[in-house]
Amino acid sequence: MSDLVTFGEAMLRLSPPRGRRLSRTDRLDVAVGGAESNVAAAAAALGTDTMWLSALPRSPLGERVVHALRGEGVDPEVVRTDEGRVGTYYFEHGSAPRDPTVVYDRAGTPIRSLEPTELPQSVVRTAETFLASGITPALSDQAAETTETLLAVAAEAGVTTAFDVNYRSKLWSEREAERTLAGLLEHVDVLFVAERDGRRVFGIEGDAEDIARQLAGAYGFEQVVVTRGEAGALAVDDGAVHEQAAFETDTVDPVGSGDALVGGYLARRLAGEDVPDALAWGVATAALKRTTEGDMASVPAEAVRSLVSSEDGGGIDR
Amino acid sequence: MSDLVTFGEAMLRLSPPRGRRLSRTDRLDVAVGGAESNVAAAAAALGTDTMWLSALPRSPLGERVVHALRGEGVDPEVVRTDEGRVGTYYFEHGSAPRDPTVVYDRAGTPIRSLEPTELPQSVVRTAETFLASGITPALSDQAAETTETLLAVAAEAGVTTAFDVNYRSKLWSEREAERTLAGLLEHVDVLFVAERDGRRVFGIEGDAEDIARQLAGAYGFEQVVVTRGEAGALAVDDGAVHEQAAFETDTVDPVGSGDALVGGYLARRLAGEDVPDALAWGVATAALKRTTEGDMASVPAEAVRSLVSSEDGGGIDR
Amino acid sequence: MSDLVTFGEAMLRLSPPRGRRLSRTDRLDVAVGGAESNVAAAAAALGTDTMWLSALPRSPLGERVVHALRGEGVDPEVVRTDEGRVGTYYFEHGSAPRDPTVVYDRAGTPIRSLEPTELPQSVVRTAETFLASGITPALSDQAAETTETLLAVAAEAGVTTAFDVNYRSKLWSEREAERTLAGLLEHVDVLFVAERDGRRVFGIEGDAEDIARQLAGAYGFEQVVVTRGEAGALAVDDGAVHEQAAFETDTVDPVGSGDALVGGYLARRLAGEDVPDALAWGVATAALKRTTEGDMASVPAEAVRSLVSSEDGGGIDR
Amino acid sequence: MSDLVTFGEAMLRLSPPRGRRLSRTDRLDVAVGGAESNVAAAAAALGTDTMWLSALPRSPLGERVVHALRGEGVDPEVVRTDEGRVGTYYFEHGSAPRDPTVVYDRAGTPIRSLEPTELPQSVVRTAETFLASGITPALSDQAAETTETLLAVAAEAGVTTAFDVNYRSKLWSEREAERTLAGLLEHVDVLFVAERDGRRVFGIEGDAEDIARQLAGAYGFEQVVVTRGEAGALAVDDGAVHEQAAFETDTVDPVGSGDALVGGYLARRLAGEDVPDALAWGVATAALKRTTEGDMASVPAEAVRSLVSSEDGGGIDR
Amino acid sequence: MSDLVTFGEAMLRLSPPRGRRLSRTDRLDVAVGGAESNVAAAAAALGTDTMWLSALPRSPLGERVVHALRGEGVDPEVVRTDEGRVGTYYFEHGSAPRDPTVVYDRAGTPIRSLEPTELPQSVVRTAETFLASGITPALSDQAAETTETLLAVAAEAGVTTAFDVNYRSKLWSEREAERTLAGLLEHVDVLFVAERDGRRVFGIEGDAEDIARQLAGAYGFEQVVVTRGEAGALAVDDGAVHEQAAFETDTVDPVGSGDALVGGYLARRLAGEDVPDALAWGVATAALKRTTEGDMASVPAEAVRSLVSSEDGGGIDR
Amino acid sequence: MSDLVTFGEAMLRLSPPRGRRLSRTDRLDVAVGGAESNVAAAAAALGTDTMWLSALPRSPLGERVVHALRGEGVDPEVVRTDEGRVGTYYFEHGSAPRDPTVVYDRAGTPIRSLEPTELPQSVVRTAETFLASGITPALSDQAAETTETLLAVAAEAGVTTAFDVNYRSKLWSEREAERTLAGLLEHVDVLFVAERDGRRVFGIEGDAEDIARQLAGAYGFEQVVVTRGEAGALAVDDGAVHEQAAFETDTVDPVGSGDALVGGYLARRLAGEDVPDALAWGVATAALKRTTEGDMASVPAEAVRSLVSSEDGGGIDR
C-alpha cells in the first residue's frame, strides 16, 4: 500500500566520461533511468511512500535495475520474466555546438508483452495516486492496452490518476500518439505535458495557457501542468492559472529533469499542499536534478525547500 | 585483397572491474569481441593482412566496433544497416568458486537477416583463407544460409576454407547444430573443434585424436585441429598427428583464447609454415591472450616467437 | 513486520585500490559495512524479509549508509539524530607478508547513547528472529543495556533470538566481554561464535565441538554454531553435531564472510530448513562473499544452491 | 629554523567526483586540508622556508596527512599521539543553484587536548613569522589556551605574529569567538579578516576600510588585511590604505583560496616586499588556487608573478 | 593509393584529469597527437581515404601511436627504426586565469634523421593531395630536406600539395622559419596559415585578406586559407575572397582544432566541393573538435553537415 | 646535514592498469622511481635523515619528481637546469608467461652533463653515509666522472661510502661496466651486488659467498652484501658470513625491491645496528616493498620490525 504507484520501464543508462564520444570510449558509467521510475525516485527522495510497477528479466542486469530503485527508497514491484532483455540507453554528454547524443537500445523488453493480469492490480487500487506516461503505450499495442487497463482500474477505485505525455518521436508518430493517447486520457485526472508536445501531438496553437485550458476542456482534467523548459511551468487548476518561473541552473546533466518536476509536484500534492506550492517544488526539484549526474533526482526535501524559499531563486508566482 | 577474411558478428563487451558484480556495478569497461573478429585481430597482430566481413547498424555503437577492429590492424568490411542493434555481452570476472558470468544481449543484430548478395563476395573469392564459425549459423536460418553460401563461394574459388565449430548451447541445441553444420562442413578444408564439442555435437567417443581422425574421415578435411584447453591442442594433418602442450599461464582473462589459437595458427600457415609450427604458435598466442584483459589478442609476433622457443614453455612436441 | 530484524551499527568503509597504502592513497572506494547490517544484507539477498534497526545522524553520510542497505533489499529502520557522527573504517587490502590493515574510526556514533525507548520495539516483537552481536555492547554501557533490553523484549515475545559473539579486541578486553555477554546470553536461543572467541572470551579449552557443547550446556542455547575459518563450521543442535567443510576460495576480500555465514544460516532456518542445510548454505554464502569486494554478500540464492550441490565443492557432511 | 611557522589542524578531505552526491557516491578523492597548513603550502610553493606545527595520531591516516604536507615542501613538526583520530571533512562540489556541501567530521582530534609544553616552542621562537587562525581556539578551551600561549611566546621573542580570523559558525558562536579572540589578538601584529567576519564577529559596521581601521585602532595591529571575495582585498598598513582588485577566475574549486591569499601575502613580506606587492601576490595566489582541485595552492612563483604583471588581470591598485 | 597523404610526426599526449596539475598528478590520460596525423584523422572521419607517412621506433609506444591512427581509419605507413624514441607531450588543461600548460618532450625522435630514400615515395606520387606542415622542417635540417623532397616529388607528379605553416616558437625562430619555408613553399599549391603567423613569420601587415593576397602573390598558391581563431577563416581562391564565421563553442579541449579545420577543408575539396563549402566544413569540423577531449577530430560527416546547415550556427558567408 | 646522502637520477614511471598493454592503454599511473632515490625513500621511511642529490630540468615534470621525494620524507637537493628532459620509463605489469615490460626513455637527462662543481659537495662531506650506484656512471662519461669525484670526496672526508652495482645491460656492456667501476670501487666501503652481476660483470664463478669474499679481497670493502632474489641475501663483514633467507611474498610489483633492501640495510647500520640485523631488515623491507605498487618502499619501521621478528617469516640466520 504505497501512496504513489508509477508504472513503466526502466533501463540501464550507459555513458562515457564527459568530453568522450560513444564511438571511441572505453569506459561507461552505469546508472538506471526511465521516466516513471525517475518520477518515483524523485517523490521518494521527498518522503513519499512510493512503488514502481514494472517487468524485468531474471538476470544480473534486471537485478541491477532493482538495486538502483531500492537504493533510492522506491519499492520495486517487478514481474520477473524468463524471456526478454533489459533495455539500455547510451548517453553522450553534449557541449555546444555538439548536442547530447542518446542511443536507445530498448527493443525486446518484457514490458512490451506484459498483460494486465500478470500485474498485482491491488497495489494500483490501494494507491493514493497512480502515474503512467506516454512512453509505455508507445512501446507496443499490448503495452498500450495494459497502460489503459491500469489507468481504468485506478480511476474506478477512486485513485487519482496522473499522466505525463512524454512524446518520443523515435517510438511513434505524432498521429499514432494522439490516437492512442485519446483513449487513455479519459481515465486521467492530472496531466503533465511539455509545451512542445501540446503543439505537435495535440495540434494546439497558442501559448502554454491555451494548451492547458484546451486540454482541460477537452478531457476534463482536474489539473494540467505545462512544462516549459527554461521558462518554468504553468498549471491550470480548476480554471485558475498558476505560473512558476524556472530557477537558473548551471546544468550538469539535463536528463530526467522533467520527471523530477512531476515527482516533486506529486510528492507535495500527496502531502496535502496546494497546486502553486506543488508547482514550485516541482520546478525546484527539476532545477536541482540538473546539477547532478544521472536520471534520478536524489534531492532531499530540505534542499528543495531551501531553494523554493530563496530570494534569488525563481520564487512562487501566484 | 586480404590474405585472411573472416566472417561473423562482433559485440560490445561490457565488464565491471574485477571483484565487482554486474548486479551492483556502476562502471563498465568497454571492449569489442566476437569469435571471428578475435581471430582476425590475432592474425593481424602477427602480421597477416586481414579483413573482417560483417554487418552493423549505422550508429556510434557500430562505429565503436569498427574503431576497435581498425585499431588492431584489421580491415573491417561492414554492411551498414538502418535497422537492428549492436550486440552486447556483459562479462563479470570470476573468482573460485564463483564462475565468470556472461550475459549475452545479442538479439536483433543485423547479421541475422543479412543476405549473401548484400556482401561483397569478391573479397571472399580473392582471399587466401576464409574463416567462419559455428556461432553465425546459430543466430538465424538466414545467417546459416549466408554462411554456407560464403563458404561455398570461397571453396569454389579455390580459397582455403577454415571453420571453428564454437558450439554455443545458449544459441541452439546440439542436434540443431549437428544438422546445420553437416551441410556447411562439406565446403570446409580446415576444421577447429574443441574436444568437448567433438563429443557433444558430433557424438564422437574417444580421445582428441579419435575426434580428429573421425571428423577428417567423415568430411575429408585437410587438417583438423582439436583444442583441449589445459591440455594444449592436437592436429591431424593428412593422417599425421601433431600434439602441442599448453603453456602454463597466470590467467587474467580467459575469454577469446580459443580464437587467439585459431588466429595464431592461420597466421603461420598463411606465412607458409608447417602444421606443427602453426600449432605451436596458435597455442602460444592463446597463452599470451590469457594474460591480458579483453577478447582480442594484441600479441606481437616477437612475443609469440619468444614463448614458442622458450625452454621452460610448452615446447613443440612433434 | 519483517521476518529477520538485526540491530547494530553500520559504517562507511573506505579503501584504497589494491596494492596502494592508506598512508599514500589519493583515491578511496566507498562501501558500507557493519556486522549486523552485513547479516541483514546476506539474508535479504537470499530472499528473507529483513529489517536493520540502528541510529544514524541526519547527514549525507547517514543517508549514504541508508542508501546502501536499501539497495541490498534491507529495510532500514533508523533513528535519526542531530548529534554524533557516522562511523568510518579504512581498509587496506593485504598481500603476504603484509596483512590487511583496518583503521577503525568509529568513536562518537549515535548508537552509543541510544536508549531502548527511542527504538520502535514493536518491530522486534513481531519478528520471527532477532539478531544482535557482541560488537554493539562493546561500544558503550548504554549500548550494552539497549542490546540486552532488545534481546529480552524479543525473547519475551517468543521471537527466536540469535547472537554472534564477534569479539573485537580493539573495543574491550576479553574479561569485560565475558562479564557483559554473560547477562545478554541468557536471552539468546542461537549462538554464533568463532572457535578462537570460544577460547579467549569464554576460556573453553578443547575443540570446536567442546566449545559448542559447553556453551550450549552453560546457557541452554537451542543451537550453537562454531565458525572455524578455513576449517568450515560446526553446529550443535539439541545435542546432535553437524559439520560443514569450507569451500575452497580464491579470496578477493575476506571482510564480512563471517556475517555472510550467519545471514545464510538464518535465511535457511527462517525458510524452514534444518540445521545441516542452513549450515551448508551459511558456509557457501561466506565462500561466495569472499570472491567480491566489500563487506556485504550480494549473493543470489541460485549461486549458493549451485555451490552447495556442487560435487567439487565442500559438500554437506552430515 | 623555518622563516614561517604555522600552527593548526589539518584534515583528510574526501570528495566525490564532480556532479556526484555524498549521499550516493562510491568513490572519494583524498586530499589534505586545513587553514594553517594551506597557508604553509602556499608560502612554501612560493619559496618560503615553512614549518607546520600540529598534532596527529600515530596511524596510516596521520601519516597520510604528513605525506601531503611534505610533498608540498612544508616541514611538518607533528606531535604524534596514541589517542584521538584524524579529522576528516567531506566536500561535495556544488553547481548552481546547489551549493557546495561540506560535512565536517573533526571531533576527537588530538590538537584539542594539546598542551603548550608538548610542543617544541623553540621553533616558534626562532621563526620570522608565526601564524595561527581563529579555527584552532574554536576547537576547545585547551586549544584556545595553547594558541594564545604560542602567540605570546612568539611575540615575546620578537617574532612577527599573524592571525587569520577565519570564523566558523559550526564551531562556535559569534559571541564566543569575539570574547576568546580578544585575548589572543593582543599578541598579534598582522591580522587577516574577511569583510563578513569583521561585521559579524567584531560588530563593525561600514566598509572594508572601516573594518581595517577600527580593528587596527582597537588592537594596534601593524597591518590589517581585509579579504573581500569577488571584490579583492584591502590592507591598512600603518594608516595607509592599499586596495587590490580580484582577478577574474573560472573557478574549479574555491576551498582554500583565502588561505592561499594569506600564504601569498606572507611569502612576499618575508621576502622583503612591501604591502601592496604582498597584497597583489596574495590575491593572485588565491585566484590561481581556485583553478585547481584541492585545498592547497601548489602555485609556482613564476605563475603568480606572471598573473600579477598581466595587463588583463586585476593589476595593482595603489 | 590513398587520396590524401600527410607527412609528419605524431606523439603520445599525456594529460592529467581536468583541475589537476602536471606537477602533482598521479594519473595521465593517454592519447595521440601531431599536426599532420590530426589532419589525417579529421579527413578520414569525413570519409576520405587517407594515409599518414612517418617514422617511429619499434616499441610498444610506437605501436601505441600506430594503434591510435588505425583506430581513426587512417592507414599508417611508418618507417620503423631501432634508434630513437617516441615523442611525448604533456598537456594540462587550463582554467582562467591559468593558461593550459604544454610540456613538449619530443627530442630524439626518428623523423629527425629520416632520409627521403627511406620513405616509399610512390605513395606520395599516387595521392590526390599531399600535406606537410611547418613543424617537421623545424625539427632538424634533415627533416626540412626530407619535407622539401617529398613536396617536390608530389608536385612533379601532379599531386596537389598542401602546407600548413604551423609556426612553433619553441622549435625555431621566426627568421629561421621564414628562410626555410621560402624554399618549401615553391612546391605548394594550397597554403594554410594562421593570421598571427602571417604577421610574425612572413612580416605581412594588414588583415587576413592582405595576408592571403600577398602570400598568394608571392608564391603563386592556388588557394590560401587564413585561420583566425574566434573570427573564423578566410580563403583567397584564384583572386576571389571567401569568409567563414566561426561557430560558437563551449570548448572542452582546444588542441588540434586548427588541424581539424585543415582536415575538414581537404576532405571536401577531395570530394569535389568548392572552396566556400570546404571552408565551411573546415570551420565546423574545428568547432566540433573543440567539444571533445584529445587532439584528433573523430567527427562524423553527418555532424559536420548538420552544423554547417544549422541556422543558429555560423552559416556560410559567401 | 643528512645522515644518508644518495646520488643519482629519478624518472617518472608511467604504467597502465594491470592486464593492459602499453601498446593499447589509454591510462597511465604516474609514480617516481630511480635506484638511488628508491634507496633514499626506503631509508627515510625507516626514520633515517636522508637527502637525495640530483639534477632535474625546471619544469612541472621536474617538480613532479621533487614532489614525490619530498612526500616520502626525503630532502631533495636538486640542481635545476634549463636544458634537458625528465627521464621516463614505462612499466607494463607481467603475468606468466608474459614478462613485465620496461621501456626506458631516459636519454637527454641533465645528470649526464652534470659536473662535480655544480653540486653542493659539502652535503656529501657532512653525511654519515654516501651512496651511489652503477647506473649513474653508465649514463655518460661525465656522469661516471662526477660519481667518482663524489665518492672520492666522501671517502676523503671520512664518510662511509656505499655502492650498489646495479648493472643495466641496456645502458652499457659488461666489459664497459667492469672497467669503469674498477676505478670507482676504490673509494667504496660497502658494496651491494646482485649474485648475477657478480658473475657477469666481475666474472666471478662460484656461489654468493665466493663473490662476496673475492670482491672484498680485491677491493678491501668493509662489507659486501650479495643479493640473491628468491634466495635472500648474504653479507661478508670483515671475514664473517651472514645469511638471511627471503620472506615469502605474494608479489604485487617487484620493481625497486633491491633498492628497498639497500635502504633498509643502511637505515639500520646508521642506527647503530650490526650487520645481521641490518641484513634482516633489508630483506624484510624488500619483501614488503613487493606487496605495493610503485618503486618506492613506503614501509614504516613497525611493519619491518614485526616481519623480522615473525615466526613464520624468514627469521634471522646467523
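Letters A, B, C, D, E and F name the chains as they come in the text, with residue numbers starting at 1 for each one.
In the analysis below, a residue touches a chain if its C-beta (ideal position, glycine included) is under 8 Å from a C-beta of that chain, and two chains touch if they have at least 3 such contacts.
Composition by chain, UniProt nomenclature: A, B, C, D, E, F = 2-keto-3-deoxygluconate kinase.
From a predicted model like this one, the values you see are computed outputs, not experimental measurements.
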Separation of subunit F from subunit A in steps, with touching chains one step apart: 2
Numbering shared by both copies at the subunit E-subunit A contact, with half separating same from different: different
Maximum centroid distance from subunit B, chain identifier (CA atoms): D
Centre distance in Å when subunit C and subunit D are each reduced to the mean of their C-alpha atoms: 45
Centre distance in Å when subunit C and subunit F are each reduced to the mean of their C-alpha atoms: 47
Where subunit C and subunit E are represented by their mean Cα positions, the distance between them in whole Å: 63
Distance between chain centroids, defined by C-alpha means - subunit B, subunit E (Å): 39
Per-residue multi-chain contacts in subunit B, two or more chains: 21, 23-24, 26, 63, 67, 71, 300
Touching pairs among all chains present in the structure: A-B, A-C, A-D, A-E, B-C, B-E, B-F, C-D, C-F, D-E, D-F, E-F
Interfacial residue positions of subunit B with respect to subunit C in the complex: 18-21, 23-24, 94-98
Residues on subunit A engaged by subunit C in the complex (per definition of touch): 63, 66-68, 70-73, 300
Subunit F to subunit E touching residues, read off their complex: 14, 21-31, 59-61, 63-64, 67, 85-86, 88, 90, 92, 101, 103, 105, 107-108
Subunit D partner contacts - residues on subunit A that touch it in the complex: 71, 247-253, 287-288, 291-293, 298, 300, 303, 307, 310, 313
